[in-house]
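Heads up, the next two complexes both have subunit A, just with different partners, subunit B and then subunit C.
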Partner chain A sequence: MWLLVKRELSFFLAVPALVWQLLCVCFPLMLTLYTSLHTTVPGQPWYACTLEYYGSFFTTAYGIIIMHSLLLAGVTTLICLCIGYPVAYFLALYAGRWRTILLFLLTLPFWTNFLTQAYAWFFVLEKEGLINTILMKLHVITEPHTLAYNRFAVLCVMVYCFLPFMIMPIYSVLQKLDWRLLEASEDLGATRWQTFLHITLPLSHVGIRTGLLLVFIPACGEFVIPMVMGGSRYMYIGSAITHYLLNVRNEQMGAVCTVVSCLLLVVCIVFARFFVRLLQYMKQRR
Partner chain B sequence: MGERIPRRFALLVAGVYLFLYIPIIILIVFSFNKGTFPTHWLGYTTAWYKTVLASHEVRDALYNSLIVAFSAVFFSVIFGSLYVFYGASARLNRYGSFFYVTLAVPEIVLAAGFVSALYALHISPGLTTLIVVHTVLGFSYVIPIIRARHQLLDKQLLEASYDLGATRLQTMYHVVLPFLFPSIMAASLLVFIISFDDFILSYFCAGSGMQTLPVYLFALIVAGATPTVNVISTLMIITSACLIGLCAWFEFGRQNR
Partner chain C sequence: MMGIRFEQVFKAFNNEPVLQNLNLEIPSGSFFAILGPSGSGKTTLLRLIAGFEQPDKGRIFADDTDITELPPHERHVNTVFQHYALFPHLNVFDNVAYGLMLRGIHQDIIREKVITTLEKVHLSRYASKFISQLSGGQQQRVALARALINQPDVLLLDEPLAALDFKLREKMLIELVELQDELRTTFVYVTHDQLEALTVADYMAIMNAHGQVEQVGTPMEIYEFPITVFVAQFVGTTNILYGTVVQEGGKKQLSIAELGTFTIPMHEQEEISWLSEGAAVVMSLRPEKIEMSLRKLDVYPNCIQGTIEGLMYHGRSTQYNIRVLPNLVMRVFRQHEEHSMRDVVTYDDIVYLHWHTDSVVLFQE
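Up next is the complex of A and B:
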């Protein structure tokens, strides 16, 4: 009996966090899905569903907005991978006693919010910013160009902000890698490139996958960076959600945007996994 | 490996670090600029710091941010720790993955969902709702960190403590808590920084009545940049850097123990 009371007590002490989480995350997400399907016509029963809002979402210019969001997130992720992998490799293999301080410096900018980071880029890209000043001094250009307020600027800042998210997981996998395998590979006559392709890369795929997810998922919904760097000129799916929920207070359309962006993420991730499986399968058959 | 560092590699890494730090350094330098136009260097001054420190709006926003951050730390650490301690004995551990949902969806989806729930329930957003939603964000960091440490706890220590006649509460206070202390501190600092720096959730869930510091900063940037923005950003960067340093120190201490 006393044991039962004890177990009940620990149950009641553990449960507030769960309830809190359910109420603030799971319930709102369910509600969003429900709102996106629900008509606002009075007199309808609560379970009456409609695809009307999805219809109006897809018939307007939002197809292009979705394409732009996915493209931006995808390109950001790829650039982050191309820059981040060598850096992670360097940190894991060559950094030596500088490793701790280099890692610390890497994570430092990642703890200030994106707003500050995006704003900092103004001073690099603006008409009288760093790049223009340097190019003018070097007489490469004769008059300053505005480099901010375009899609290139948005992409630049996105890469800047998300880079640490790519480096950290890859680093943490590479750090645990058995470097004797690489030595063995080189002893057996493989070139560096072959060693990398056949040993290092397959062994670090967990880190790459985590990094891809950590960059791609938030990059898809990002609205702060486009808003600060591009003004309201460029709409992405995140900006659309903000627009509908905060500016126009159209909850249905906001919910539709939210659900669509979630679905797109799921589709992208499933597709990526399928693609990886396909590659593996083809490799095995060869 | 005693190999020589390939030069291309070193150059690339140096380039990446420059890429990461140049904008921030310029931002900090220009917070001392005399001119109002942010990209013209006119001379050194600390006048903007004085303006910012004297501003009532900044002070109000700062107070709001601090209240939210401290409350989020308080609630998420208390309830998160309770979940980790007692969830195991109440067989609730398998629901732990609930807490990762917050990290798995984009923050904007979380914010949009929460704010539409508020609309649907006719709750007007404000300080309380912000604390509630930041606490949820805190759970997703507190629970994994504390749980990882809790799993390292030697169960024989607990048995020894019970054998020697300690009650549950005494065991908790004298054995479990000291063991978990470094990770609790690290988690608290982390949640504090995340809550303090958070923009998206605050922007969605704070309503029009109140502002946190990042939301105020955003309003300033949208209205047109002045060195005030640089000053606030600089102060926030320095605060975060100090807290992260402290956090790393706790983590480092944990590894050494």
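Up next is the complex of A and C:
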């Protein structure tokens, strides 16, 4: 027995994590699926199923909500990539001895409560907030604009909150990048930009992919930020789920929303992967 | 083809000088080796030619054009890096095609050129392999092909064979020499391995640990006629003896304490001005130029006596360590010309060491 334990040590070490996965991820997921299909008409056996809730889900305006959710998550992810990649690049290649401090600053928001961060953003976006004050002082605008409680505010805070999840994986890949390859590329006649395009970017695609997933998936289901920053005016899929589960107590509809958004995410990611493969294939054919 | 000239180049990292007032001329179309101990600034010198570093002072010329400030991608110089620096996400073909691809050359021409270049380095069968699937020697060839396909005026090689085993290194050395013969591109070859440098180079420069060039010349000049003690000791093995010049019977001779007086080559007597009576002199005597025997031989003008203390069998030769003074051990190489030696000597034998007048090189102390 002891010998078996010793030989299969890696397996036994993995047992707690596996149990955790099973109990806290797989089981609840199955339960959600079951709830979404389960009928609540009294007197029916426990295995009786119905697609009734799915039907009512698709007949209502949820299509728009899902579109909005995907759009918000997509735009957030894109902005995060556009800001995050240069930051990660700078951190990995040029920050030098400032790197540790900058990385610390990057993770600093995690140390404070989310609501504190959100309200800090109000001070920035409000009518009497930082941005309006500065723009007024600079005479760029004559009248303060409302920047809070709209989709812009939601997007700002979304980007702010998810940015570290984009920077970190890209940074960790770029940091391991062999700078001699960049020199080799320049040596062979590439300008800085060509080197970036042909060497740095392809070699950091793993980090980009991880970053995209880490931002896009949670951004799709995010409900706190739209609620706080949008003043409960906008409905996203996450907000819909919370609405059904916590406010209306309609567990079946909540479960349906969850399952549909889950499937949608899977479809999105599979499609994205397929698209990337297609691009690679086209490039090879050329 | 292009020659490279360094004029008064000074380079320091963190206030630590790496190259000091370097003047060096690399002749166009030559196989030029730069040899020096680790930390002598050889690689820095190469990086200055490639454009990865800029000198703090001084200028670098390619023929007559000043290239000191030219960025790497505008120089007609390509490098074979020490650890190859091949692109791991590209296959062999794309690695080699990289330089041409950047210049926007037509696909068909690229394909043709890549295939010819790969044939030149015997790698045409591996075009679609990825770098991780190749052995060290094959990677080395890819690096070579990738650099050569751009038809550079100067090819820089930064210890390109350091990671290969002995047999492969020997083979690659020969291939490099043949390639250079065929292309007539200027090759600048940096190494700390003197055997490599002596084998491949038309000319070589010896650098010391302070980033200065000690001597430039053909391998034979460097080996046979070193101009400093450092060069004599760094290239090959040598015995260093300290003495003073004395006048004996109208001829200058070298007197070494407790060993006696020894002859000085005639041409040196005439040519070297510092070789006056009383001058302190360092004598270098290569181990293979010493004839060792159990009896004293009269044909040699110089002879000393010693006891064999160490004996190292190298295959083609044996190295003997012979104690001639309580504080002086001389090294002697003896070639194995026959299967069994006539004059068998072993530990603790008393032997006589002889050498010809012309076999020594003298330096000012």
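By our rule, the second predicted complex is superposed on the first by the 258 of 286 C-alpha atoms of A that agree within 3 Å, B and C clash if a C-alpha of one lies under 4 Å from a C-alpha of the other, contacts with A are read in each partner's own complex, and residues count from 1 in each chain.
Rule of thumb we're sticking to: contacts are C-beta pairs under 8 Å (C-beta built on N, C-alpha and C of every residue); 3 or more make two chains touch, one makes a residue touch a chain.
Just so it is clear, the model here is predicted, and its values are computed rather than measured.
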Is A:Q117 touching the first partner subunit B, the second partner subunit C, both, or neither of them? first
Which partner does A:L188 reach: the first (subunit B), the second (subunit C), both, or neither? second
Could you say whether A:E143 touches subunit B, subunit C, both of them, or neither, answering first, second, both or neither? neither
Considering only touches as defined above, state whether A:I83 meets subunit B (first), subunit C (second), both or neither. first
Could you look at A:I199 and tell me whether it touches subunit B, subunit C, both or neither (first, second, both, neither)? second
Residue contacts with subunit A in the superposition, subunit B compared against subunit C: B
Listed in rising order, subunit C residues that touch subunit A in their complex are 50-52, 71-73, 77-79, 81, 83, 85-89, 98-99, 101-103, 146-147, 150
What residues on subunit A touch subunit B, complex-wise? 6-7, 9-11, 13-18, 20-22, 24-29, 31-32, 35, 83, 86-87, 89-91, 93-94, 102, 104-109, 111-117, 119-124, 126-130, 160, 163-164, 179, 217-218, 220-224, 227-228, 238, 241-242, 245-246, 249, 251, 254-255, 257-258, 261-262, 265
Would you pull the subunit B residues touching subunit A in the complex into a rising list? 1, 3, 5, 9-10, 12-13, 16-17, 19-24, 26-27, 30, 38-40, 79-80, 82-83, 85-87, 89-90, 92, 95, 98-99, 101-102, 104-110, 112-117, 119-120, 132-133, 135-136, 139, 143, 168, 193, 197-200, 203-204, 214, 217-218, 221-222, 225, 229, 233, 236-237, 240-241, 243-245, 248
Could you pull out which subunit A residues touch subunit C in their complex? 178, 180-181, 183-191, 194, 198-199, 202-203
